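Beneath this line is the structure, given in structure tokens, with notes to follow.
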């Protein structure tokens, strides 16, 4: 473990990482957010999802440093008396989880479709790419709205957690297209390369070639896309929550928090809105920065 | 060759600041080209041939930079010219031809436009005159029906034709020196000779000197006046073409010549130089070639040889050191 | 070339039919129009009757067939909630969305392209770094947040611009335009800005990275070697080549603008199609949703077609060989 | 040696590509279906332990022949017999694995022919694994051995391809090709991407291996000097056909076909510095629209009316197989 | 004077019979009038009928106003009334429920009509206040004799144009964008206000609507989100008008099924046990909700109807005390010492802070061990779902459109039958005695007796804890300080009572 880490640090990517302060700062922020989100149960001072601990009369307390603030709640409380700091961590967990899982899902689908289209070509390729065109003509938000609507209509009685599934599905539905297109392009390039032909001459089965030879060589752009899409997915989730089709209100994500907070923006309770907004921008920005950096680091021409 | 050299390169050092310290890609390269002369540059891939060319026309890709040394054109330093002035040297004084004619032309503009643009960038002529010249240039480079084809786009030409267009472009403002970086490598065997001949002819006609970078010793042999052999960012040997080919003075040149399959003799095995050229990050001290050199001795491990006179050529090899040479 | 256009048209038709199918399919499952139409106190026989009247009892593909035939004529029936013709509702709303998206697109391109070019050419300068940071902020800030903040600052606190609606509009035939009055323009500023910011940053980043790619190509190097001026190289050679790929992506993005307008319109009460759509989603107003989706994809297809034609105009390689590019 | 059956007998092998524009274009622009005869009836034999070289300009169909032989393409017509069995039936049938073990290929570009994400060990071991020839320690040992055979060190196993120079990479791909103990190796321009000095290393290794293991090569190149060095027999291809097929000494000593002569003339002569050679005249014809009659007639100084209408067949003339009316008629 | 009005939503159509919804009826009430109108205090006022009386238990006689003209100049007569009442009964009309009990409408002469009901119907005049009268001729000329029927796919002029007798005429209509009205110079009555022109704009987004009020772009808006009431009041130019609304917000529980659909309790239905219902009731900190969620803009209630509704009795309006400990004990007694888990359905865009109320309730209930899975969703999906009775625990609000308790009793509290009773009694609370009284109240014409019966019914319901009433939410209108309006408890805005100071 230590050795692989050291090796990574010594590799080209590691080097470009070490020399890019922006990437390092972004990584620290992203890591901090991911850490707090993952271990929210332990890190957060309160558990805002546990209704029994909430005190309604503590609602809308300003941050601790303002005169009316309470030391119990460092960043104040929201309209349900939830500690903002804790709810941020728990909310980030949901946002990140939705972001990561949906990106993972769209990645798997997109990469599979892209590989297939690029490797097989012919009418399979034609068909899959037309499919992509169709998907592209539905912008992400729109599809998400639709799926969310359909999901609710189809499973009206599903437990709350299904809302997550619906969100993830809807974000993935548009996400995969980009992967498919990118991977297809790279696959077509790789497919023509001689190492693939060498494998074919050796008699390696096409599926195996696709999996063992082509796939590892198209991971670079996929990785870059993925980072950037995590940010996009988080924002999409926030936007959907804003439009009222997000996650259940008792388990707010960053987006839900912002939407709730924006109701109080005018009435002076700025902290309900501000901290989640800041957190969202921080997360999205650091992930974006990492993606940008990765794109440059993986681009051989820039090395 | 007598008279003032057209181009003189003195102790040129090109460096790439990189992650593990700075890489010295060209190390103390010095040579000169006389007006109307054709200098061939050969050497293994990565030896620094293209970098030399790029430094001369001032188009090193960042982060590469000229760390020291000078490039003089007609006695004037051009390596430290500000970009705006350098622009007038490029194209006007020094033309360039790159390896791949396919990618050297902007696909979105007709070749006529690219020619006219180049001519007008350097010569005080109006559009009509520029176009006339452009057609003339295309004719000179052997494009049939130039007047009609001038408005065609690059993709409408075959590879050989495109390379002719590239040559026409390089010659458009009548430069004194042409830097041709592997002008035929991307072309078909049978077209290669045509292009090299064309280059040779137009340059002779216009009195332009040529720095011809290539891998092909055959091309060098029949085209060049002098030849420089590069190895690991350094010039190993430089001299008149006949001597370099037939009486090479540097062991690397010898190995190189011997490894070329010969049309006229039958050998079961080609002579080969064992090992590989060192990476630029790991150039051994002393003579860069010594690890592969069958005749290396102590001094080669320690001291880096200058270019030393060796018969008609000059070679960077201690074997030719008049004082304290080896017994070999 | 004719074949090229025809093929694109054919593809467009396929895409449209597929979208129509999806739209139709999805809305089979969203809410139940019958409950909505009849109210809660409907008796089973009433429901059956209405189902028959609406044709909801027919086989799936027959329903889809009807849907398609009508859709081609722009006929999507009556809005379940508003009782007005969907086509008319959309036609009423279309100018608002279109003008908003148009201004936003123009803003995004007119600011984004120069910024991207600058950031590519002057890589590493303070200003270009600042652009990049700003652009990151642009992609990291959700649109609705931007909108809310803009209203708060420019409408409530500073009072410079109105906070909602289209303001005074003029009627030109069936088209209502806000372009002809000062009031209309004032109302346009904040929403257009909101909508443009995200696209702007995208365009900028795209132009920058494409430009950097192009600047590394051989023909740019060769152009330098010929001693062309920086101006000619950057704006004559590099920019034009950059715009070819940028065109496709921006084309796609512009289609997206119309959809992104959903959020902007929601925030600014901009009386466009997006607002209509959101309401329709809330009330399971199927005809409106279906028509909206089809319209969106039609717009998308048209934009793409235009982009393709622009391609033909810009890239000579496509012009003659006609068929597949390389 | 020559009384045994040749290892490979190619008879009238042809490959046609359909490069027609899409259907819609054809209909609208009234363009016919376009067929590209990349290889148009090629026949030759290769004896065991011998090297046949194919030379010719770019696009004349050399690589297509190679790909046909290793089973990357299906022939449109004709077939080859490999060790007595029909090659393409075998590729499709149950002997396919066996065959793929016995026939291997070395590719042109040492940079593209090795998977950049794989370690050398895995690259060389892939054919062994695929054919189940070795596993575990035996596998490693065999890989080490193979690397040694091509002049690398077993310690190189753990490295990635990019850590090697071009020549070393080409040796790795040779090691991979040798992994299954093939009898027949197709080498498609194995050195054209390499420097002369590195080229010498690779060619030497190939020759050494042939001597030691009795390999049979089909060697493809456009570099006549290299061909002269490695081959026993030489076939000159022009636009999908073999125009001259002869032993190396015969071909280089007494080229018969005008195209062969032109090619030989075009070789720069190292030892005659400063003397211009005569380049091949004219442009390479468009393979989509080959000239009628003898494909070479537009560039041929000896072409007459017959050459412009009648396609010459590959005939044995004076111990050499030539496809040329002029040679047949004794005009040259 | 021009007054600019903004509302959360738009009137979906100008056709007064097409949709039974407050915004639409409120807007169209300025253009159209019913036979009976309302005064500022919601008492009945003569409108197109000058007087009415019950001539027999099932027959009401209305004297119609003379010399009234529609906006297009045509005179108003009994034919128009007959036509309009008939129009409410055809397909496409959403007002059927208002006139359902009418058996026949007879023209006595041009200015007198008789309405015969199917059964004695004491509150017919109340029922007719939002049934507006259209011009028969105009409708015939404009092919608008029926409200638009969505099934036929044909549009209808009455949706976009209007021809009523009201104090304002419709000048311009852009659905969802802007609707303008001008003062009717020929109005039969007096228009107290001084407004010449009314511009009505829907603004859906709360923040934007408030911003528009504060920046002076609009003069009157509705509703003000409760959290912004203080801010509006603090601003220089505007103030918030807050008054209790007739709507009562309450919680309902599935008391019919033998096993709850969405609960951790299997094999039995805890809500059938009154102790559980009471525990829920007493666990809810209604004052806390009032203070934090509603920001005091609510009126906690123990009754299912609010003040202003006929049948409301202040002395009966006493909530069980908030007492978590007692609640816990009740739960333990009922056999759920550890509580249980149940899903709660809740709209998130229908009532004031609806989803937040549900969250607060969930919070309160968690104190007695009840774990609530909150499913808050948009009204478009929420209503279809709970109307299928596909719920175990839900939040709903109800305004008796007749301002009479019977409406609530019949729709919300009575045991569902196939004649429309208990239609919104989604948890199927059933008490036969209650039902009996409800039926009696319907046709009881004696005021005092009727009130007593209602009181008795409410007592039964309270004792059973059939529902858990929460509060009456407040109306909150934001108005520019230069503007005076009359805020009706039913959330109607009459333009004729708006005055703008110069």
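Lettered A, B, C, D and E in written order, each chain numbered from 1.
Note that in this section a residue touches a chain if its C-beta (ideal position, glycine included) is under 8 Å from a C-beta of that chain, and two chains touch if they have at least 3 such contacts.
By chain, UniProt protein names: A, C = ABC transporter permease; B = ABC transporter ATP-binding protein; D = ATP-binding cassette domain-containing protein.
Just so it is clear, the model here is predicted, and its values are computed rather than measured.
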| item | value |
| --- | --- |
| Other chains in touch with both subunit D and subunit E | A, C |
| Centroid comparison with subunit D (C-alpha atoms), farthest chain | E |
| More contacts between chains, B-D or A-D | B-D |
| Whole-Å separation of chain centres (CA-atom averages), subunit A against subunit B | 51 |
| Centre distance in Å when subunit A and subunit E are each reduced to the mean of their C-alpha atoms | 44 |
| Shared-contact residues (touching 2 or more other chains) in subunit B | none |
| Of all residues in subunit E, the ones touching two or more other chains | 207, 211, 214, 349, 378, 381 |
| Residues of subunit C touching subunit E in the complex | 31-32, 35-37, 39-41, 50, 53-54, 75, 77-85, 88-89, 92-93, 96, 148, 151-152, 155-156, 159, 162-166, 266-269, 271, 275-276, 279, 281-284 |
| Contacting residues of subunit E [partner subunit A, same complex] | 206-207, 210-211, 214, 225, 227-228, 230-231, 261-262, 285, 288-289, 291-293, 343, 348-349, 355-356, 359-360, 362-367, 371-378, 381, 385, 390 |
| Touching residues (chain side subunit D, partner subunit A) in the complex | 70-72, 96-97, 100-101, 103-105, 107-109, 112-118, 126-127, 130-131, 173, 176, 180 |
| Complex contact set, residues of subunit C against subunit D | 2-3, 6-7, 10, 322-324 |
| Interface residues, subunit A side, partner subunit C - complex | 130-131, 133-134, 136-142, 145-146, 149-150, 153-154, 231-232, 235, 238-239, 242-243, 255, 258-259, 262, 265-266, 277, 280-281, 284-285, 288-289, 292, 301 |
